[in-house]
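In what follows, chain A forms one complex with chain B and a second complex with chain C.
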Partner chain A sequence: MIEISNFSFTYRESSEPVVRDINLTIPDGAFVGITGAAGSGKSTLTYAMNGIIPHCYPGDFYGSVKVCGLDTVECDLTEISRHVGSVCQDIDSQMVSSIVEDEMLYGLENFGVSHEEIETRVSEALDAIGIADLRDRTIDSLSGGQKQKVALAAIVALRPDVLVLDEPTAELDPASSVAVYELLRRYAREHGTTVVIVEQKIALLSDYADLLVVIESGRIRFADCPENVLEHADELLSIGVNCPRSATLCHDMKAAGLYAGPICRNVEDAVGMAEQALGLASASPESSRTAADAFAMTGAQATADIAERTAEKGGAR
Partner chain B sequence: MIEFSHVSASYDGELAVLHDVSFRIEDGSFVAFVGTNGAGKSTTMRLINGLLKPTEGQVLIDGTPTTELKTSELAQRVGFLFQNPDRQICNNTVREEMMFGFKALGQESPEAEVRADEIMAAFGLNPDDDPFLLNRGTRQLLALASIIVLQPPVIVLDEPTTGLDFRECTKVMEIIRRLHERGTTVVMVCHDMEVVADYAESIIVMSRGKVLAQGPTYDLLRDRALTTEASLVAPQMVALSLALVKRHPQLAGTAVGLANTLTEMERALGLEIAEGGEPR
Partner chain C sequence: MSAVRGFLEYVPGTSLLHRMNPVAKIFCALLISVACFCTSNLIFLACVLIFDFALAAHCKMTRQAMGLAKAVTIFSLILAVIQLLTNSTGIELVPLPWGYIGTGGVIGAVTIILRLVAAAVPLFLVMYVTKMTDLANSMVKVLHVPYKYAFTFTSTVHFIPVFMNDMAGIMEAQTARGVQFDQGSIVKKIRLMVPLCIPLLVSSVRKTNSAAIAAEVRGFNLRTRESGFKQYPFAARDFVSLVICVGILVVAILLGVFF
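For the complex of A and B:
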């Protein structure tokens, strides 16, 4: 569990708090999306969760942040990093090795994982992220998207309780982005891992997150399931957060009195809404998903597709 | 005009990342390259601006092969916006950055300064700011402004919206739209299919170092076989329209079955939308 109480933080060089009065409880195993305009404090909030604040960035820290029962101020960064794995926004700043395999080994060896177990962990993590073929590649020969996957695999190999990921799909194509979300959700469910993702791709968060947190000027503006957050389309737009088109369509249909159900999180939901509006026989949810997936690409499709491409391509740039 | 004629390319001389690529981009078009990571899109952009030379075939800018053009000549014909503005920005103030291209080309003049002032004002940039203290979105705007000020007839944009929030993305793309309306040829690589659908008139679909198709944006995005082959994710309203037709074949050819944009879908579903509004 992550428990953030009355948390405010001012960087030493700033005069104003970057985040303020944050109260947020994230249960174990939750898939949490954090979004907001540039400079709203999203990354700062994640730094508080992985201990970078206050251990690397000095400043005025008020309130408390507890992760897996550890008070992040009282315990050191090494202790926190045994529970929390992070992928930075600036992926190059995270890479410490010149070869993918060495990058995978770095954390495992530093945490004293036995040599017998290391090979299993590395292989499993590379397979889980779909980049087994990159194992012997040099880091500088990888594309930005491939580096993001390597960073993710290196963290997954450490089997942390919490994954904190700052825009982990920023450089990935849409199909690869869906594939990463799909594998994160699958991995998190299998291992009970809590996932916290900072993301601008609101359509992905709407589809995958259990809890969507919207930050505005350092404060939490919304923290709820995506359907409920997306009800506030106009307010979101006013603070620089766009809604997925399916949610905007649904919102406008509701405003015109043409639909009365929950906000559509994805194309699949919008199919059901459109059928209602058109007076068409509504098929079962399963067939609705099949039809929507045929065009919007499911995670399973995307994962299979990426695996196939990776195998064929051998990781070309 | 930009023309690729049977172009192959490689970074190390061994592993070919483009194979026999041919296409033509007419003056004044707005074209987006789409495809997965590793499809060869960024390599194609590097070939257009001469950072990479073909190992086979020819890249022609206005009929002249890039291999015969000096870097300075090419720079005046093609402005290039890198995905990461920090690869581009190299001066200590916004004004110096804006004038850097003129300086490099030996074209500093009072007229150039006036043009830089106008563009800084239009972009909301402060001439005295330190570029490295600006946020990512503003640095991207500065990088774009420093290209536009040179008035190249072609601008090439590699992922112009990556890392930007919604407002910054809209600001950058609206500036690009206005440039295009005034006659600039725009060539863009973009992963955000909603942005591609909103702004690009046509797309070139790449996969595994080859061009699979070139044509009007929505025509290609509605082509199920093509989007599957290229692992493209259709914009949400296109996906919705296609899914509804699949489930209810009687909708084929109706307003719902043809809807590409949010506005078109809302009208098709019975919402009254004022005529003349911007398509969404």
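For the complex of A and C:
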């Protein structure tokens, strides 16, 4: 469990708080996504959770942060690190070794994992992240995305209670990003790990997160399940967070008084919704017109996507 | 950029030199380097140089060794020229206002280049065939060097190419904005480069700082001599190599004393 109450932090170099009035409770085993515009304080919030603030960056710390029952101000960083595994944003400076295998060993050796167990931990973590083939490669020969996976595997091998990941898929292509999220979700469910993940791609977060936190200029603007957060498409856009197209569409339809159901997080949701609408259509020509109007009105790519997928499904039947 | 990337970067392989104990390797290299400074015997230095390149060929590093030899030669050329102009001994070859360039100066100049190249190649070879992590871990395990110092050393080596890449990147960005680094005198070039040192310094400090943090959250402070998973035992080949290198040093000292 992570409990952040009335937390504000000002770096010594900055004149005003970079994050402020943060109140956030994250239950054990939750999958939490944090998003927000660049410079809004996402990384700073993660530093608070993994103890880097206040232990490595000096500044003014108000409020309290408790992680796994430890007060991050009172405990030393090493103690916190036994429970919290972190992957920071700057991937290159995190590598302590020149070979993937040595990178994996580093934390395990330091935290005193018995030498008999180390081998299993290394190979399990490499398999879990799907990079067993990289084991003997030099770090310098890896792509940015591969380095991110190595950093992730090296942390997963430590089996922390909480994983704090700062933009771990920034250098991955969309397909690999989804793959990483799949792996993370499966791993976290198996081990009961709490995952806190900073991510620019809100569409990904809304598919995987139980709790979506949106930060605006250091303050929590929304903290709710993705469906509810996505209701606020306009506001999200105005603070620099791009919504998935399907969510924007639902939002627009609601605004036009054409739709009253839940927000669709992705195309799959929308296909379900459209099917429902079209199912109704055979019964009442009125609602059929409504759905057709809705599709015609927005003309967005998402509309085409949804219509296409629905047609595919209909054709298959 | 590619030239920078390869700098002191581990080259995987299975040669004898790759498999030797890291501590033995570095000691052997040091012994050979010291030997080169104990004598001015040209034949001896030439033999060491041949030995160096035989080793390089053995671990398929001839290309790197040649590049390094070239760089060291260029660097030592300055010293060699000074030697040439100031050491007016032996048979006069070219008269100078203050003396002459003689055979003594020529031999002195050749000795300097030969010595520096012969001494540098083994040290750099060891860097190329040894993973920094192994070098640090074995120093800690075998020589009981405190881990903090070993980590500082490996981080420094690790960051040299990173900083050089940063510098290249900054210069590229400046060139794209119209700064001309490839023209004008050295003084002008340096004057153009000085302002770039500040962003480089800022980014270096930030990077080393986040590297230290990353190590700390992975238990840096808990690491002891027993932590290392890999063992670095001395094998027969390590003892034999050490004996041979001590032998080379003894020969060099004897040559230095008696000839």
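Odds and ends about this structure:
To be clear about the criterion, the second predicted complex is superposed on the first by the 275 of 317 C-alpha atoms of A that agree within 3 Å, B and C clash if a C-alpha of one lies under 4 Å from a C-alpha of the other, contacts with A are read in each partner's own complex, and residues count from 1 in each chain.
Assume a contact is a pair of C-beta atoms (placed from the backbone, for glycine too) under 8 Å apart; a residue touches a chain by one contact, two chains touch by 3 or more.
Keep in mind that this is a model prediction, so the values were computed, not measured.
By the document's definition of touching, of the two partners only chain C reaches A:V96; chain B does not. In the superposition on chain A, contact is made by A:L172 with chain B only, not with chain C. With both structures placed on the common chain, the touch criterion links A:E275 to chain B but leaves chain C unconnected. A count of residues in chain A touched by chain B and by chain C gives the higher number to B. In the superposition on chain A, A:S81 makes contact with chain C only, not with chain B. Shared-chain residue A:A203: touches chain B; no touch with chain C. Every residue of chain A that touches chain C in the complex is listed here, in rising order: 50-52, 56, 77-78, 81, 84-86, 88, 90, 92-99, 102, 105-112, 115, 118, 136, 138, 140, 154, 158.
Note for the complex: chain B touches chain A at residues 11, 15, 17, 35-39, 43, 83, 135-137, 159, 162-168, 191-194, 208-209, 224, 227, 231-240, 242-244, 246-248, 251, 256, 262, 265-266, 269-272, 280.
Taken together, the chain C residues at the contact with chain A in this complex read 5, 9-10, 12, 131-134, 151, 154-155, 158, 162, 207-223, 227-230.
Chain A contributes residues 36-39, 89, 143-146, 167, 170-176, 178, 200, 202-203, 240-242, 244-246, 248-249, 252-253, 256, 258, 267, 270-271, 274-275, 277-278, 280, 283, 287-288, 291-292, 294-297, 302, 305-306, 309, 312-313, 315-317 to its touches with chain B in the complex.
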